[in-house]
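Structure, as structure tokens:
Chains: A, B and C, in written order; residue numbering restarts at 1 for each.
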Amino acid sequence: MNTLRALFRHRRALFGFATLMVFALVALVGPWLVGDPAAQVARPLSPPSWSHWLGTTGQGQDVLAQTVAGARTSLVIGFTVGLAQVTIGALVGTTAAYVGGLFDDACTLVINVFLIMPGLPLMVIVAAYLPTGSVTIALVLVATGWAWSARVIRAQALSLRDKDFVLAARIGGERPLRIVAFEIVPNMTSLLTSAFIGATIYAIGAEVALEFLGLGDVSHVTWGTNLYWASNDSALLTGAWWTFVPTGACVALVGFALAMINTAIDEVGNPRLRAEPAYDAALARAGLRPGLSTPVLRREVR
Amino acid sequence: MTYLLRRLVFYLLAAWASVTLAFVIPRLMPGDPEATMFARFHGKLDPEAMTALRRTFGFSDEPMWRQYLDYLGHVATGDLGTSVSYFPARVGDVIATGMIWTLFLAGLAVVLSYALGTLAGILAAWRRGRWLDAVGPPLLVLLGAFPFFWLAMLLLFLFGYTLGWTPVRHAHDSQVSPGWTLGFAWSVISHAALPAITIVVATAGSWMLDMRNTMIGILGEDYITMAHAKGLAPRRVMFRYAARNALLPSVTSFGMALGFVLSGSLLTEIVFSYPGQGYLLIQAVRSLDYPLIQGLFLTITLAVLAANFLVDVVYVWLDPRARSRGAP
Amino acid sequence: MTMMESDQLLRVEDLRVEYLTEAGRVRVVDDVSFNLRRGEILGLAGESGSGKTTIALAILRLLKPPAVITGGSVVFEGRDLLSLGEVELRRLRGRKIALVTQSAMNALNPVLSIGEQLADAIREHERVGRRSALERARRLLDLVDIDPDRVRSYPHELSGGMRQRVVIAMAMALSPSLVLMDEPTTALDVAVQREILARIARLRQERDFSILFISHDLSILLELCTRIGVLYAGRLVEAAPARRLLGSPQHPYTGGLIRCFPHADEAPGPRPRLVGIPGAPPDPRDPPPGCRFHPRCGQRLPACQRSAPALTTVATDHEVACHLTRS
């Protein structure tokens, strides 16, 4: 709870939360406010104007409508995949750490193999054999990304396993599953949150990349397919920047907001990462610059 | 077992796992992958060649283990079959042409990005709260949040199409014949500049943050206080005592992130129509050239494993403890 | 008096160190004064959190943010270290004042050989080549009974005791006139501890330098030091020659510390029960008013809660800050 309160006082975290809320709202109600994203509404590739704020695509569709509609699918896929990755990561990570021994060695090996395989070619080879669509994309992303969460969660679970309260529960004869669920997992909330955020950033980026390659269902409107069509319709060649800039900016803004929340979580959990504002301010008032040697502030500065 | 030997065993295991994965995936998928895989060769190949190609991927009426052994044998001898989209070229030859460009572009950009990002991280941690530390991390995180290929599109649009400062596609001018000439070298460099800058811009931030946070931890160590107490010059403490130690975890995460960064650089190649592995990959996907997809997956994975082994060698060189004890 | 002054190597006066945190200022060293004469081993005793390490690092101006020195002076060989600039401080560190830190485990850079680390210190201050610096490193190792060929070893290849001796050798490298030793033997087992202490005592006889020896273990200080200062919660509560401190401690806290350990020269027979000091040192963010020791003191007076006692001389070279001795 204290962590949460500290987070809400953190400027960057607040920025992140606010941005995410805006996007959530857009994804939730936006599609009703804009027209049908698939309908041809104007001359193809017309630049931004009063009637079409963000211009039209190569098919004459409204870019704003497409961007808003894409937000819904992309965010749903992103957060679902993030959640699934962390769930699997937590299951594998905590069990491996708790059981230990050969089982842990085997799990670590599998995790490391998945970590070291380059994501994109692996995703491409899996996606190429599956029917196209959002479900395929989501499955592929979970299959190729869970190892990142599993690795960090296992490391933390390993250090928690030998803590007094876990040992006490063990000696008290608690069932292993109960210990993992009630003693270990609740003590990793900040790690789980940051793993979830990391997985979501990865999922949104990778989803957009896969669909950009044409591995998604190109008849669906998502941020990835928007970019796929922009590239297919030679947006660069024709100078139609408005067909790809809004979508990319949205992806980046969501990723940035999530990353800001994550650095805030890091800083709240590890205060050393933060600068010392009170110290810096006192030095500035005294007209000193922070150096390598301990500063001497003789006058009482208030 | 020494550290490097243990790592080598791990990479061999990982290599085996990915080769096996490439064998299992088509067989696990719903429908008839064999049919989809080879449907496109119909009319192109005579029945005899078709059978040979099938055998390359182990598809035959023989029992599964036999198919698997066949397949392993072919992969081990470098026989990756025939490409559909570049028919009748062998997959191995197609990949070889792309490999050079990818190694050049990705290798250059990744090393440059790591060096710049790490240096910035060292400086940011050393001067806590000063401008580089205040502005650098959030700005680079923002840049890192953009999809690689989108950043590539934006830069290409601005500098390639709108301003006309850089070439917009390919690895070199088609009018300049390849060779050890100044003209060709310039053509190659000017074509690689923008894609390389894209990769650097997109990835330098994560190296910087990584290094900064590790450095801050290291700066709290006793040996840093001792180094200052010896009266060493700040620069010496910063590099020889702090950064030298912070580099160890950083090098490890560099190895782990290689696969991810390479994926991004493949996408960048696609935007710039740069004739590397990424460009081949999209060609393969568009024409459903399964043999080529599979071959690319294998070679890229093996290249990443090899690069990781190189990283381990560097690690051992940097950390005397890994030399004697074995654990990183 | 003039003779006294020329005899003085280090004079710390009203030193005050504060941490400037978000939650407010925390005073960890509160107007501490003491002096150290040439050739002397001055001990500083205190529990963890009493400010003893902070004092050592403040002398070298090596405290990290958010620590700030907010008052006093540190006069070393006639110069106030608190008014020196970065470059002057750097020339002083290692060459005039050396530091031996708390845990030898972490005091050495794990990725450099000990020879390189010794040579670094030498080459920073003197114009010597790599080769001759390494040759001097070998001699320094010999000085602390380590095989000179160990210059090529890395810290992880040495035992804890050896590492601590390397750190001591490093402090000796430039023949400083003052060595600050911060718990140099704490992490080591008793046998190694003895050996290191004997080594320090011998080195001090062979080479002419003074020591500020910091420890939580009063028994070590009583054995090694000429004079001892006792710190409690950032304040100096008593300072006296070692023998006198043991014989007639004036501050209740010092008395408690001395009763805490068994004396070696004690008559055989049933040992008296170890009498500890009840309670725990105060939170530096919220120290008690008046004498900081009063909540734990068995002999407290009403005045102890109201005003902090000043350090007063009770005998030659013996100062105490306690209301009991006033009356």
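To be clear about the criterion, contacts are C-beta pairs under 8 Å (C-beta built on N, C-alpha and C of every residue); 3 or more make two chains touch, one makes a residue touch a chain.
Computed from a predicted model, the values in this text were never measured in an experiment.
Q: B-C or A-B: which has the larger count of contacting C-beta pairs?
A: A-B
Q: Please flag the chain sitting at the greatest distance from chain B, going by CA centroids.
A: C
Q: Could you please state the distance in Å, as a whole number, between where the Cα atoms of chain A are centred and where those of chain C are centred?
A: So the centre of chain A lies 50 Å away from the centre of chain C.
Q: Mind checking the centre-to-centre distance between chain B and chain C? Centres are C-alpha means, answer in whole Å.
A: So the centre of chain B lies 53 Å away from the centre of chain C.
Q: Approximately how many whole Å separate the CA-defined centres of chain A and chain B?
A: 22
Q: Can you pull out the residues of chain A that are in contact with at least two other chains?
A: 276, 290, 292
Q: Can you pull out the residues of chain C that are in contact with at least two other chains?
A: 57, 62, 64-65
Q: Can you list the residues of chain B that touch 2 or more other chains?
A: Correct list: 128, 220, 228.
Q: Which positions of chain A touch chain C when the two form their complex?
A: Spelled out, the residues of chain A in touch with chain C are 276-279, 282-283, 290-298, 300.
Q: For the complex, give me every residue of chain C touching chain B.
A: Spelled out, the residues of chain C in touch with chain B are 57, 60, 62, 64-65, 90-95, 98-99, 101-103, 106-113, 120-121, 124-125, 154, 156-157, 167, 170.
Q: What residues on chain B touch chain C, complex-wise?
A: It comes out as residues 128, 219-223, 225-233, 236, 240-241, 244-245, 248, 318-321, 324-325.
Q: Taking the touch rule as given, give the residues of chain B at its contact with chain A in the complex, in rising order.
A: Touch residues, chain B against chain A: 10-11, 13-14, 17-18, 21-22, 25-26, 29-30, 33, 36, 127-130, 133-134, 137-138, 141-142, 144-151, 153-154, 156-157, 160-162, 168, 209, 213, 216-217, 220, 228, 234, 256, 258-260, 262-264, 266-267, 270-271, 281-282, 285-286, 288, 290, 293-294, 296-297, 300-301, 304-305, 308.
Q: Note which residues of chain A are touching chain B in the complex, please.
A: Those in contact with chain B are residues 12, 109, 112-113, 115-122, 124-126, 128-131, 201, 205, 208-209, 212-215, 227, 230-231, 235-237, 239, 241, 244-245, 247-248, 251-256, 259-260, 263, 266, 272-273, 275-276, 280, 290, 292.
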